[in-house]
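The two complexes that follow have chain A in common; it is paired with chain B in the first and with chain C in the second.
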Partner chain A sequence: MLKNRHIQGWLQASPLTLILIGFLILPIITIVVVSFWQATEFSIIPAFTLENYEFLFGSPVTYKVFFATFKYAAITWALTLAIGFTVAYYLAFHIKNQTTQIALFLLCTIPFWTSNIIRMISWIPFLGRNGIANSMLQSWGVIDQPLEWLLYSDFSVILAFVHLYTLFMVVPIFNTMTRIDHSLIEAARDNGASGFQTLTHVILPLTKPGIMIGTIFVLTLVMGDFITVRFMSGSQKANVGRLISNDISLLQYPSAAATAVILLITVLIVIGILLRFVDIRKEL
Partner chain B sequence: MEKKSKSFYVLTAFFGLFILFLYGPTLTIGILSFQGPGGGLTFPMQGTSLNWFRELFQEQAVGDIWGSFRRSFALGLMVMVTTVVVSVMGGFAFRKRFAGSGILFYLIIASLVIPSILISLGVGLIFNQFGLKIHWATSGFGSQLTWTLPFGLLIMFAVFNRFDKSFEEAARDQGASPWQTVRYVVLPIIAPSLIGVGLFGFTLSYDEFARTLLTAGSYNTLPLEIFGMTTNVTTPVIYALGTMTTLFSLLIIGAFLLTVWILGKRRARFGSDAGKGV
Partner chain C sequence: MSKMRYSRRAVLKGGAAAVAASALPAPMVWAQEIKDITLRQFGTGVSNLNDVANKVKEDLGFTLEMTALDSDSVTQRAATQPDSFDIADIEYWICKKVWPTGNLQAMDTSKIANYDKIVGIFRSGKLTPESTIAQGTAPHSVGFVDGPGGTSFADEETGWMTLIPTIYNADTLGIRPDLIGRPIESWTELLNPEFKGKASILDISSIGIMDMAMVCEAMGEIQYGDKGNMTREEIDKTMAIFTEAKKNGQFRAFWKTFDESVNLMASGEVVIQSMWSPAITAVKSRGIDCVYQPLKEGYRSWGGGIGLSSSLSGMALDAAYEYINWYLSGWVGGYLMRQGYYSAVPETSKDFMTENEWGYWFEGKPATDVITSPTGDVLAQAGDTRDGGSFYDRMGAVACWNAVMDENQYMVRKWNEFIAS
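Coming up: the complex of A and B.
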């Protein structure tokens, strides 16, 4: 029986498949089903009603919140890409010693394995009214009054996103860059390309798969976030994730589920578009 | 050695600033956690003391920190072991194409990109509807696996893509059974990567917030406990806790990296272990 590669494959993948069915597929199906249910103040009732969706699409708040989510995603994407590409480029092409390269790469990735919540909290002494940033700017005479928009604003939300997620750009971009054949770069130089031309005409196109994978990570993490926005905006800003988590805390599960379904569809469309530009299986 | 160009120095400065940006805030709360007893959440320091660390160790001064730490640690170990075993098996499965492997692959990617709160909400709803008790070790455990497994599997795919099959063929030619080939040839070769998978499994679980939020039940894990503290604790005790947690994470990361390094050294020293596996 083990001779059959299909059966053997599924046997080996069976624990994985069971976990994904139980904790990924079934939860999604449940959310879709519950999004058509009705809610009272205390319980949820099986039904088939479109009122959750009607309410969602009828409310101007929904559009504002979706717009805010896209805005956070777009700005964070642009910043993480710019910073992540520069850092990866430096590590891949300017650090020639391999041990140094690995050490610096690890230095960039270690925060990934520490707590996001602690990393968010640690911005408070920087950005607060009497924080380091304000007292420094005041002592330099740049400003007279403490800046109020440093903490609990769009600025602090995006700063935290960039802080948390830039390494999701650095790692895949660095990974593709190290696989670029160095003779291609020499060839470009031999043919008279300037450093900048080599960067834009040789390195950038060859790095596209890494950029796409980083983009997928950053966009999905920002679009699905609710905790960074809640914490860094002091509950003053909203995105789709917060809309869902607010409904959950009010026990309005059907309404939360409907919003979740729309969020999921949005994220899947974005991923679907991005996957047209990269074959992930080839990039591993 | 070619002469360093101007762009090298500009980029080095950029990289330095990036590292400062990454680590600066964490270092700051590290310093502020030694704030004197009268000090607040920001500079200036009102003297230095271990006051806030002492408060952490006082019984129940700020919630059930040690209980939540024990739960997070246990859960991290459970997730780590499961992630390693399931990822290795999955990695083996994907070495050959089997019917439906493409769909399974996209499910793994879906598991990675799906917003965490959907998993939290969906698993919570299922457990409620079927009258099961939500608990960190059941619903929380499963939800976290949907986040750690994709990372473990992607690492395994990368490892097996680079795996030199001639080692296995050699073992088979020498008369090794399929199990012996796996046990004495494949597993030792991929061992350092398994430590990497373990690192992902443990730390991602230990720090996970969103997927545990609605699936941990009445006993909080550490990140949930810390988040609860942010709304009602306004003293540097939260920095002390943050510093302790970060130090613990760094200790774990260091232990994993050290193990990989030692394995590499041993391998370099002893070369092959031919003949020892009989």
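Coming up: the complex of A and C.
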């Protein structure tokens, strides 16, 4: 009987297992294998070599680019967290009517019904030298010369990231906040806690899992991105994703695979560290 | 009533096909089955035009499916996905990369009706008998192989062609004369601090490095043995000059696609940049002044051609030859020349252009009437002359052909560093 249940369990788990093996494990193994191969301009030679990794670790550009990737990720994370937390807090605690709450929440998602690329590219005419932002500031007399750093700079890259990914922070935080028992907040108030104390001692610890899920979303999305960096920096800046995409477009698959492996390991380490702080499973 | 109309149209169509058939001297395969043939062509946006596919259907009866990609993706697909296409519309330097993979088959020039009329650049390498051959991957140097199965390129005409030339042009810098306000004569102006934050180059390494080399050579900083085949040292020096310029904020952005280059120029973000001819046209058609500036050091030139997939055979292969012969017979040439490109067999294109158009585009004469693009946009007024002049003035001043270097892999890595720096 027990054995029978065992088999049943395996059978129930097998579709997912097969899908994961086929579409996750095997591709990753392939990437790892290819990263040790040699390549010429037009062909890949399946011969073991460490050259790709040697070049990767031997080039100062790699460190610079990884640093830039972390920089984008950290700044974007901080901004999306601040905005996302505020929005979620407002929705969860200030809007009492559930219908309004849902309506406003849906409102947040409206921009996400359009394509990612469109939302990003629409910033370009807005921020350009003769764009709306600059001509507005000039007509107000705030500036005499157009601000060059508005577009094709780290500023525009991070702006686009924040715009694109804040929702990924709002959703999980909002989700955990709505499940906070309101009697806990009342209890805090009854015990004489100020609004700020309630926020830091009650709400913040209880929303940690939401924050963590949002963080994982944002970090992985930003660290794996290449198209936002390319468009918003006018190809002037690079992150790891761009390094990989450049390699691929120039048919340097093994080199791209090696970079991808290192990026994967880096992201896994980051997530590993994050999960040390919060046990998402326990808290969910 | 409607049925009658239909049949009348069908008769007209048949008539047109018959006229086309008798006009083309090549062996015909006008079997009914040809209608079922679909040839899949892919290439860069410049020549992958839906108008061409429609005209093929009309004149030849079979279906041509077009896919437009950027240069890098084209190379990638030609090299790695041989079964995904029948006809590859690629540039000659891409051919150098792709041919060794064996994904393309050589073409028998005896089956090409207008072979003898193809411009000398693609056969002997010389535009006129007196011309010198420019640096880089000159088309004739990768245009022929020894035989049907040849894997290495031949030095002279062998009767087996790798690509049938279709379209080519001489590239230079595009400028916004209204925002610059003074004559531009040299490639060095790209790095002139006067244009700090207003310059751009293209982020396609194999072409970008050439533009860089034109600039460095014009500045007198580097003497190249062959700009199309640099040594590691030359690559390092070139990149060093441009990396420094980049760090000083010389460049506003780099562009990778056609529309990016148009937007950069049209919005005034950039006033001087590497550019392609139709991009200039696109900027002009928005009513913005833009010049394809001839420079004293000469042009960086490129050429494209169509190659046949090695998996093509039988009826489909016949159809492909049919297509090539049609391509060189003039209609496409006229269409492309009215966009500012050149056709491989200019004389057949002449019949498909007006006297005024031929004079303006090919002979460099002042236009006698308004010049419009094939899609009807006004490109020039009566009295205007083409930037750079006639065909022989422009193609005769080519300093370098787009190329792929022996040190390509090294260059690519350096390019990646340049972008990341």
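Odds and ends about this structure:
Here, the second predicted complex is superposed on the first by the 256 of 284 C-alpha atoms of A that agree within 3 Å, B and C clash if a C-alpha of one lies under 4 Å from a C-alpha of the other, contacts with A are read in each partner's own complex, and residues count from 1 in each chain.
Convention: a residue touches a chain if its C-beta (ideal position, glycine included) is under 8 Å from a C-beta of that chain, and two chains touch if they have at least 3 such contacts.
This one's a predicted model, so the numbers in the text were calculated from it and none came from an experiment.
In the superposed model, A:Val65 makes contact with chain C only, not with chain B.
When the shared chain is aligned, chain B and chain C each come close enough to touch A:Gly128.
Comparing chain B with chain C, the partner in contact with more residues of chain A is B.
Judged by the touch definition given at the top, the superposed model places A:Ile102 against neither chain B nor chain C. In the superposed model, A:Ala187 makes contact with neither chain B nor chain C. Of the two partner chains placed around the shared chain by superposition, chain B is the only one that A:Ile110 touches, whereas chain C remains out of contact. Of the two partner chains, chain B is the only one touched by A:Gln8; chain C is not.
Note: residues 124-125, 128, 130-131, 248 of chain A belong to the chain B contact set and to the chain C contact set alike, using the contact criterion stated above.
The residues of chain B lying in touch with chain A in their complex are 5, 7-8, 11-12, 14-15, 18-19, 21-26, 28-29, 32, 41-43, 85-87, 89-90, 92-94, 96-101, 104-105, 107-119, 121-123, 125-126, 129, 142-143, 145-146, 149, 153-154, 157-158, 161, 199-200, 203-204, 206-207, 209-210, 213-214, 223, 226-227, 230, 238-239, 242, 245-246, 249-250, 252-253, 257. Listed in rising order, the residues of chain A touching chain C in the complex are 39-43, 55, 59, 61, 64-65, 68, 124-125, 128-131, 148, 151-152, 230, 233-238, 242-243, 246-252. Those residues of chain A that touch chain B in the complex are listed here as 5-6, 8-13, 15-17, 19-20, 22-28, 30-31, 34, 83, 86-87, 89-91, 94, 104, 106-108, 110-111, 113-119, 121-126, 128, 130-132, 135, 163, 166-167, 195, 216-217, 220, 223-227, 231, 241, 244-245, 248, 253, 256-257, 260, 263-264, 267, 271, 280-281, 284. Residues 72-73, 75-76, 79-80, 97-98, 100-101, 197, 200, 203, 205, 246, 251-256, 263-264, 267-269, 404, 408-409, 412-413, 415-417, 419-421 of chain C are the ones that touch chain A when the two sit in their complex.
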